[in-house]
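Got some structures for you, see below.
Both of the next two complexes hold subunit A, though its partner changes from subunit B to subunit C.
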Partner chain A sequence: MNSARVKTFYYLMKLGREFELAAKQEYMKGNIAGFLHLDIGQEACSVGSMQAFDKGDVFTHYREHVLAIARGMDPKVVMAELFGKATGVSKGKGGSMHLFDPTLSFYGGDAIVAGHLPIATGCAYARKVQGEKAGVFAIFGDGATNAGAFFESINIAAAWKLPLIFFCENNYYAIGTRIGWVSPFEELFNKAKNYMPAKRIDGMDVCEVYKAVTEAKEYLENGLGPYFIEAETYRYEGHSMSDNGKYRSEEEMEIFKSRDPIEKLKREAIALGIVEESYFDETDKKIEQEINEAIEFAANSPEPELNELYEDVYCKECTNVVS
Partner chain B sequence: MLYREALNRAIDEAMAADESVVILGEDVGRYGGSYRVSEGLFAKYGAKRVIDTPIAELSIVGNAIGMAIGGLRPIAEIMTVNFSLLAMDQIVNHAAKFRYMSGGKMTIPLTVRMPGGVSRQLAAQHSESYETLYASIPGLIVLAASNATYAYHALKHAIFLNDPVIFLEHELLYPMEMEFEEKANFDPFKAEVVKEGDDLTILTYLKMRYDVLEAVPTIEKELGISVEVIDLNSLRPLDMKTISNSIKKTKRVVLVEEDHKTGGYGAEVIARITEELFYELDAPPLRIAGEDVPIPYNRTLELASIPTPDKIAAQIKLWGQNHGL
Partner chain C sequence: MDYKIVMPVLSDTMDKGKLIKWHVHEGDTVHKGDVIAEVESDKAIMEVQTFKDGVVKKLLVKEGDEVPVKEPIAILDTETKPQAPTKKEQAKEEPSKEESKVVQKSEIPSILQELMPTSAPPVEGYASPAAKKAAAKANIDIETLQKEGVLPKPAHLKDISEELLKRYFTPKALHLLKEYGIEANSFTLDHKIDEEEVQDFIMKNNIPKPFPLSSNRKAVIKNVEESAKKPTYLVMETFDIKPYKNVKLTSILIKTIADVMQRHPLTRAILEGDRYLIYPSSNISVAVAKGDDLFMVVCKDAQQKSLEAIDEWVRNLKNRDYSAEELSGSTFGISNLGMFGIKRFSAMINKKDSGIAAFGTLYDGKIDVTFTFDHRILNGVDAAKFVSDLKNSFKGNG
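Let's look at the complex of A and B:
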């Protein structure tokens, strides 16, 4: 833990959380629609991992706003995408579940559970062939580890020693199904440990996430093959806005809230005297303003033009094939 | 009765009547189903018959096929038709073919339920209509339930059929309050004449039924005609008799579907009509369908990508005027 890093962690996690809280409000007002999957509670995973894995390619599922922001995406273009505006990162065509920015090597928001894992594996193959060391980072939930695509991916990545970090956010629930009901155990690193180094970490601790991903990254860079990390975490909200999350007990929620990643970092940093208390208040104010600007930007942005409907189906050069 | 309640009642009654009926799928048990179709069933029938599965669609359907071979009558729920693509191998290569490949020795009493179509801003990976894929496979029965009465009766029928049935629902219909009618001798393979008329037959199914009915008064007024509306209900087999009777009377046909136009299910229906009823027609058939683009998130673009009552009315008016109506 050093001061600069703690500050960055805090800033990004808090920015992420405030972004999510604002998105929730905008959803209730009707400015955002469709499926909105919030990351509240899980920020340490998104922020710690993206801070550590700062170079290679990132493939993610649909719970990805905070991950995208931690990767460097402007909250404005993320919010505009949620609003379905032309200025959104996917021009309003993708929405909450589909934030793509190849300039950040961020191939995000796949809405088919585990659908991105074989793709991440293929990209890792390309990077290996190209002699790129940074490799690929794939993030997914506990539920995804039951899919065929998951098992096929860990097998292929291990067989070919591909530079790929499998990062599982184990928040225990896939919508309303607890992992233990449909999997023989809840500690999911067990699924990968015969294939590659696999460890379980505290996903409510941003420093621990950072450290684990840093180690995995070094392993990748040494050309040793894939690496599996299971981060134990919790989402405070329902699966998406249409889910009230009632299937979880208050006690369980309280246990995880007492381990809240943002509060925990702040508490520890102050106790250790690494960061002066005033930093947090100032940062919170700055973030509040940033979020307001993002909402304003999204609200004032134009709707996509109607002819956008037919754009981006094919690359321009190919369009005459179909017309 | 709500549409989803009609489905729930059909499953409940089937489970009560026959111990071999089971339901399996993601979140169908303790959670009550992501669209609440299986609500209450877990408490009533227990974990052995209301089975929460992992997120593994290929296995949901594959396991269901095995259960069917083993003597159960499984209802497999796929959360959204897009995810059924992961189960397509089991549906197409296995469920649809075992009977034929075994010379009639195998029966697969399987029902696969799935909702599809464009809901509200769920974007491209959650908005497809894939009925055309399943309706093109010999060995499958494909039913499309647009209303509570049909949903209830047809689903019950499907569960007790000995052939694999793809049972299509629409996400926007679940919370809709609908009239409900108990029917004796219900035939799920029969199309429904929803509204009678003399000058034009509109064929449709699933949610588009409602968009068509909304457009009909405008069409009738603007063209000064009377319109007959038919809900196809069963996509495979297709009730050509009801279609043919109507077209022989009206001499004109329009098909409205939510699917993409190229290769959509309507292409098949119109091809058959052209083959079999060409000389009955006074005008070329019209297909009104979704655009050939993945479904966008933005609401305005989303609505532009599929037929709406306004677009249906406007297109039929223009077509009618160009073809002597």
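Let's look at the complex of A and C:
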């Protein structure tokens, strides 16, 4: 751990959390429509992985705000997208589940569970054919590892030695289905270990996530093929805004909250004397300000024009998308 | 400053919410993030948190009220300084000494190992924390029962309570409990309880058996409730009707009414917004009882059909299922209880129909008929002309 890195981790995780709390509030006020899936509790996975995997292509599912912000998207533009405004990253036409920015190689948001894994695999194949090293990062939930698309993807990625990191956020639940009810074991890296290097890490520890993804990235860059990481984590909120999450016990929640990634990093950094305590308060204040600005920006941005309905329907010219 | 807490939007399809429970009283101090209420959305019962600190000044709705989204449900005073710390705060303050200590990995996992199956899965006695608690209380040995295959792995709270019930109730008794929705703790759990004991309990306490509504019943309820809202009036008359030998009476009624409807456009009309839609065809809804269900099946284009064709349609009615198409599109209805010896009754208007004729039993070549008309469509005079035309038509039917 070095001071600058810890500060970045803290800033991004906290920014992500405050962003999501604000989004939740705005949803309840009716300013955000459609679905809203919050990442609260899982920030270490989003931030640690995006900090480590800084070059290649990123494919993700519907729980993606923090990932997008950690990738470098401006919270203002993300919030505007959630509000459905013209200034949003997808011109307000995609909303919470479709944060897509080719300039950041961020092809975010697939509503179909495991639907993005074959696409990520295809992209990894293209990168390999083109002789590029940076590779592809695909993040998904525990539920996705029961889908056929998942098995087909790990199979072909391994057979063809594609540069692809499979990053599984095991938060134990696919909406209300506990992983153990529908899978013969709960340690999901077992599903991939005959295909590629596969390991399980503490997904509530941002440093551990960072380290694991860095190792995986080096493995890809050496042309050795795909890599599987299972990060054990937890979401504090329901699956989406209309889910009360009551299928989980309070004890279980408390255990994970005691491992909260943001608090943990702060505690450890202070105890080890890596970062001075005042940094955290100042950062929190700065973030509060930043989030307020994001909401203001989103609220005051215009709605998309009506003729936008006919735009972006067919792909005219793709830049920086593998073709 | 006053801050209004509003009924939150909790799903994409929610337009109102029911306030199930208040967790605060007026005068309570609340902090950002505290749960203040439970609300039922169209999907689930959800907790509502406050986004601001303050003192609850006023609760604007009662438990059980349905409130449109974005309407205020409570007012917070965000300026008055809170008097005493909230319960939550007190709880939080205690362990503060330890907070700045670095928690070593090996420290937390002791509880973790027990509760979280993944950290070190205890293969035996594998159960949720709540299940373990309940089992300890009830003296249930999860590990042994799992070995015997009696309890599933992992065991959940519901498995433990089922196990507990099995100990104290015979299977038939359990079935009765479920059927009547009786809580197990209505009994003293110190002996095996059989069917008879539960049956006695039901009689003694006069417990009703819940009987779910069929979807047909729900549709009928909706239809008659709508019908009851209409401004209607009754016209009662006695008709001379000669039945044919081999034709059902209902078929004659349909055919004759269909022909007469052609001369009275308002009986072919429905009300839509600020206009009438007058249809060219005589489409007549006929009340059909099938088992416990009631349907209003529509005889379409009855003015064009021969009496024989209608009779065949009527005879077939009870032996088949009806398409949605066949249950809609009428403008006038008939109901007949004559076959039960009922002399006179009135019927409720089906869906958008302009009226309905209720036929009693045939006596001395006569039938008493009660018409119910929607006054928004037909005035008394329109009705009188229609009924009298009908009366004359029936006279000549022999």
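Methods note: the second predicted complex is superposed on the first by the 314 of 323 C-alpha atoms of A that agree within 3 Å, B and C clash if a C-alpha of one lies under 4 Å from a C-alpha of the other, contacts with A are read in each partner's own complex, and residues count from 1 in each chain.
The criterion applied here is as follows: contacts are C-beta pairs under 8 Å (C-beta built on N, C-alpha and C of every residue); 3 or more make two chains touch, one makes a residue touch a chain.
Predicted model only: the values in this text are computed from it and were never measured.
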{"item": "Room on subunit A for both subunit B and subunit C (clash or fit)", "value": "clash"}
{"item": "Which superposed partner A:93 touches (first subunit B, second subunit C, both, neither)", "value": "first"}
{"item": "Partner chain in contact with A:288 - subunit B first, subunit C second, else both or neither", "value": "neither"}
{"item": "Which superposed partner A:182 touches (first subunit B, second subunit C, both, neither)", "value": "first"}
{"item": "Which of subunit B and subunit C A:34 touches, first, second, both or neither", "value": "both"}
{"item": "Which of subunit B and subunit C A:114 touches, first, second, both or neither", "value": "first"}
{"item": "Subunit A residues touched by each partner, larger count belonging to subunit B or subunit C", "value": "B"}
{"item": "Subunit C collision site on subunit B, chosen from 59-67, 77-85 or 185-193, when both complexes are overlaid on chain A", "value": "185-193"}
{"item": "Doubly contacted subunit A residues - partners subunit C and subunit B", "value": "33-35"}
{"item": "Sites on subunit A touched by subunit C in the complex", "value": "25, 27-30, 33-35, 180, 186-187, 232, 238, 241-244, 246, 249, 251-252, 255, 258-259, 264, 267-268, 270-272"}
{"item": "Residue ranges of subunit C in contact with subunit A within the complex", "value": "6, 8-12, 14, 41-47, 51, 69-70, 99-103, 108, 111-112, 115-118, 121, 128-130, 154"}
{"item": "Contact set on subunit A toward subunit B in their complex", "value": "33-35, 84-85, 90, 92-98, 110-114, 143-144, 146-148, 174-177, 181-183, 247, 303-304, 306, 308-310, 313, 322"}
{"item": "List of subunit B residues in touch with subunit A within their complex", "value": "26-27, 30-32, 34, 52-56, 58-59, 82-83, 86, 120-126, 291-294, 296-301, 304-305"}
